[in-house]
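Next come two complexes built around subunit A: one with subunit B, the other with subunit C.
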Partner chain A sequence: MALPSLRHPAQRSLRKQCHQCISQMNSPRYASTAAAPIDELEQSSFQAPELPSDEANQFDPVGKAKGRRKQLPPSRYQFRPPKYYRGPLAPYQPPPSSDPSSREFVPGPFSLPRMGETYKSTIAQDMMTLSYSHVIPGTPQPAAGQRLRTWDGDSPYFANRPLRAPKGGHVLRPLHKRITFRNVPRLEKITVHSMSTEAGSGDSAYLHVTGMVIQAITNVRVKTHEARTTVQQWGLKKGKYSSVTAEMKGEDMYHFLSKCVDLVMPRIKDWKGVKGSSGDETGNISFGLDPDVVALFPEIEVNYDMYPPKMIPGCHVTVHTTANSDKEARLLLTAFGLPFYGKLIN
Partner chain B sequence: MSAPKNSLKFLLGGNGRPINSSICRSCRKSISSRRQYASTAAAVAEAPESIHSPVTSSSPSTQLAYALRAGVVLSRPPQITRTLTPFEKSFFLYQKRLNERLSLPFTRYFYYRKGTPSEIDYKAKIKSRLTPARDIGRYNPYLDDGWNDEVLVGAQESEPEDVMEKLLGDVEVPVVNKFQGEQEQEKGRGDAVAARPAARETEADRTGDLRSLDRALERTLYLVVRDGKGRWGFPSDVLVGKESLHLAAERILVQTGGINMNTWVVGNAPVGYHEHKYPKYVAKGGVSQIGEKTFFMKARIMAGQANLEGNKLGVEDFQWLAKEEIPKVVDSFYWSQTRNMLSAR
Partner chain C sequence: MSSTLQTLTRRTSLPNCQFLHPNAHHQIRHATLIKRPKRPYTFTQLVTLTDGSTYLHRTTSPLPVYKSTKDARNSPMWNPSSQKLLNIEEDEAGKLRNFRKKFGRGWDAEAVEYDQREGDAEAQTGEESSSRNDHDDSLLDLISGYGKAPEKKAAKKEPKKKSGPVANASAPKSATGGDQKK
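Moving on, here comes the complex of A and B:
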């Protein structure tokens, strides 16, 4: 029954694919060590044989464009997406932000960050080995019980009420998951935040300098935030712009952290490290940098005179990781070279 | 009597075929012979398998067991970033030039005060390279033909070595019109030579010194040793008494490579194991041993170098090898059991 059906052409190609799979499994192939045979790869311009040098020298796109007598016909690619999004029913939908013609497009990445490479080649593997706990495959996982409390009592008002919050607070902490190769903690993003009380009370020059400084050290555009409430002690007035934040991901994030770890932190006087009690219990760790520490960043040092010296701000740095607990997040950041001191909490 | 839902018998579905297909073959075998992971470490097998059953010399009532060994996979992590692929090189240059085209003009007066030598220097440089970016070659992003940002065949602009030279040249030669070939060098300046980073290829790479730790800087290197019988493999030894794998790994490192290595044994769990069956059972301490199992611990070398003088494990030679060099010295069965615990890079 099964054999005659294999004669069907589609089945035959399937069988062929299987044979390819098997032959690939037998010969070891790693992306970094040995390239696949060329005939197995998709066709690309990288495999094309090099042009003869005289033919390559004749290639002159600018000269060709200038020598053209007639203008090229207008193309649809000259269209610029509208400035404002007109909703999902509008006839024209803007291109995705990854498209260079999009207004939201941000170029990058420009390099392969060293810290990211170290994470992939060394840190991730060591963290997985360190936090490994063996479970026989196929062992059923113990089911996570109901973590919210029920309303116990005779009151008729308890019927159909949503469950009660956990004791000691209203936030449900994330459950700890066993670390496997799928969920090794990694850096997610870094947020830099700086608030200036002077800006909150009316002098906007401070906020401009703060924005310039944070933009210079993080390489991303900052967002400004207005005060939500009036706080007399901090000189905050509701509705006044008082702080800036910058959010970094990917390449910028790794560059910022390696600048902190390699260039700035070793030069801070009497610095013990990041406080061990820092963290929000869910794997995000914060530390602060004083104004004189911010001035140590190479981007500020190179033209330090251009910033009004008393206006250089300090900032709060929050490192967001995918770890579920602060302990794992600290393990990750220690591997990146960030020291911790004092009592380690969680 | 039916099996409870969380029992192993239930998982195996009665007739030995697992319901849960995520169980691998070896685990299925170990489950079906009702041996737990912990009791595997105790290594008392219940019955010899028919395929491997050699001629038994002892009485059939003796217990069969594996000899337990600990091994160490001592590695030196990559020291430098990996070499970029041609695609990555051209992609990064494309993104850099695109960034120049899309960003606002450089605010010169914020970085260079008017009339200062650095401003004069900057002006001369921008005249020759046309763009504030120092590492994208001679390219003006704001001209009408700014679209012509693709480099031609054989151009060096996307090579990391070229980028490095341009960045360092920007530091050390203040006023030189490199691109037009005009030498407008100021007197007394341009003598400073910025320190170049060390080469990616070292002396040990060129001479093919496999014992050096300075070789193959962008790869993970593993310590493999040759024992008295001429076989290559990771350093290993029998477990002594009640010592743990972690302690055994530390002992093996000292007994193999001497005390002149600063090492760190990562974690308490092994990263892999190697199973070897003897051609004949070996009677030892009341049990007859079927073969031996070596559990490998992962370790990192921080500093120092192996020194085989007076080692206690009978090691005769050592090499620091990258992953793809190991199968050239170890036998194929050993390699098939150990290759998956090594890092690809």
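Moving on, here comes the complex of A and C:
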């Protein structure tokens, strides 16, 4: 440091401060004597010496690349995953599907859906507040009753019997937990399903068109399904391919729902909303779209002539949520903008 | 004897898939093909709603911009408290518009009121308003404060003229306000 060269009074005070700093480095420092030491400043590019101009002018990556006659060799080792899975003991194992080099890798997400952002920023908080029930800390939890009941009685045949089914039915419903910040209901996935009886009875053209339409609407490749049983009235034959499903998660799911709510549903004529009795009592709600409603989707509308007009299918849409009851699921979907009508059955 | 039988059976059971090309595409018992997932091509599309708000989404539609004419922003089901949307007339096929083009607006109640007010104004201000009236007939109802200034004058001069049943019902707020001030 060039401390002895400081002559002016202002510089002298600076020198004093510097001396203080140096003296403080040995002694313990207190908050009352807060003086920023110069040596402790972060290293930054402003302090670095300037590059000499000739060296900067020589730096020309574009010219260097153009002057190169041969192409650069590829990186030393390019991993190519196996095409076949040959069991867990094979030496050449395929990477997990999350690995970009895997054959099963699906890139994405490519966008930040508006509805997902709305959920994060407002709906989740609102849901938590609306379904909040206060419990004074320290209150003992009420003892939960038996879900599957034991056989009580003195019959010797009750020993080692499997437990009895719950009262009022044989289905074991999911337990309802209090909603906290950990389990706020959210969208899980959306399934779009469309069955064409004509395809089930032999005309496969309907199935092809249905697949194209559902794929265009949902952004997802569809799966085809065989009929499980023969139904004479519908002309279904067992083992014939008759229906198509598309399962959406994440980005596609939000895009599909916002498209439905914002663009398609307002254009349906004389539509009252989704039926209030819809739902499977465990938080999954479904509704149907008619063929003329499916034709209102912007993807179908943009080249409507591509599809044979009589073959455009209707579909069933099932919205799966993580809510445990239909009431909460309906609250969530209402927040997303889906209208319900009629008696709400929870 | 037994050894010869064994060799015979071995020869007959020799797998001939050994001589196939190694890159032949067929499913073998001990190897499962890892299929590449198929997904449709998606584009990024800008959606413009009717209130002017825009957002991007991914669709299979190749259109870069989608402009909606009817959506949740101007549908009464999503805006139950909006008075503006309740009074909107549904004319999606353009039938009412075509009718008006053919037979004029004389059949509409609003238009009748409007014409009467115009008539009052014309009686007072004379040629100016009539010259304005004949060329941009349909555009006038877009301007909210159009016929008000001459009407005020009319109200100040002759308030009795406003006493007709139709005119009374449709008297604009500015005119009544002027009366109260008097």
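Here, the second predicted complex is superposed on the first by the 253 of 346 C-alpha atoms of A that agree within 3 Å, B and C clash if a C-alpha of one lies under 4 Å from a C-alpha of the other, contacts with A are read in each partner's own complex, and residues count from 1 in each chain.
Rule of thumb we're sticking to: contacts are C-beta pairs under 8 Å (C-beta built on N, C-alpha and C of every residue); 3 or more make two chains touch, one makes a residue touch a chain.
Being a predicted model, the structure only gives us computed values, none of them experimental.
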item: Which superposed partner A:Asp305 touches (first subunit B, second subunit C, both, neither); value: first
item: Touched partner set for A:Ala165, first subunit B, second subunit C, both or neither; value: neither
item: Contacts of A:Glu50 with subunit B and subunit C, given as first, second, both or neither; value: first
item: Subunit B versus subunit C as contact partner of A:Ile345, first or second or both or neither; value: neither
item: Which superposed partner A:Tyr132 touches (first subunit B, second subunit C, both, neither); value: first
item: First, second, both or neither for A:Ser121, with subunit B first and subunit C second; value: first
item: First, second, both or neither for A:Asn219, with subunit B first and subunit C second; value: second
item: First (subunit B), second (subunit C), both or neither touched by A:Ser111; value: both
item: Residues of subunit A at both interfaces, subunit B in one complex, subunit C in the other; value: 110-111, 114, 302
item: Of all residues in subunit A, those that touch subunit C in their complex; value: 81-87, 94, 103-104, 106, 110-111, 113-114, 215-216, 219-221, 251-252, 255, 258-259, 261-263, 265-267, 271, 273, 298-299, 302, 337, 339
item: Touch list for subunit B against partner subunit A, complex; value: 5-6, 8, 11, 18, 20, 22-24, 27, 31, 36-37, 77-78, 81-82, 84, 86-88, 92, 95-96, 98-99, 102, 110-113, 145, 148, 150, 152-154, 220, 266-267, 269, 271, 298, 300, 323-324, 327, 339, 343-345
item: For the subunit A and subunit B complex, residues of the former touching the latter; value: 28, 30-34, 46, 50-51, 53, 56, 59, 61-62, 65, 100, 105, 107-112, 114, 117-118, 120-122, 125-126, 129-134, 136-138, 140, 302-303, 305-306
item: Residues of subunit C defined as touching subunit A within the complex; value: 28, 30-40, 42, 44, 47, 49, 55-63, 66, 68, 70-72, 74-75, 77-78
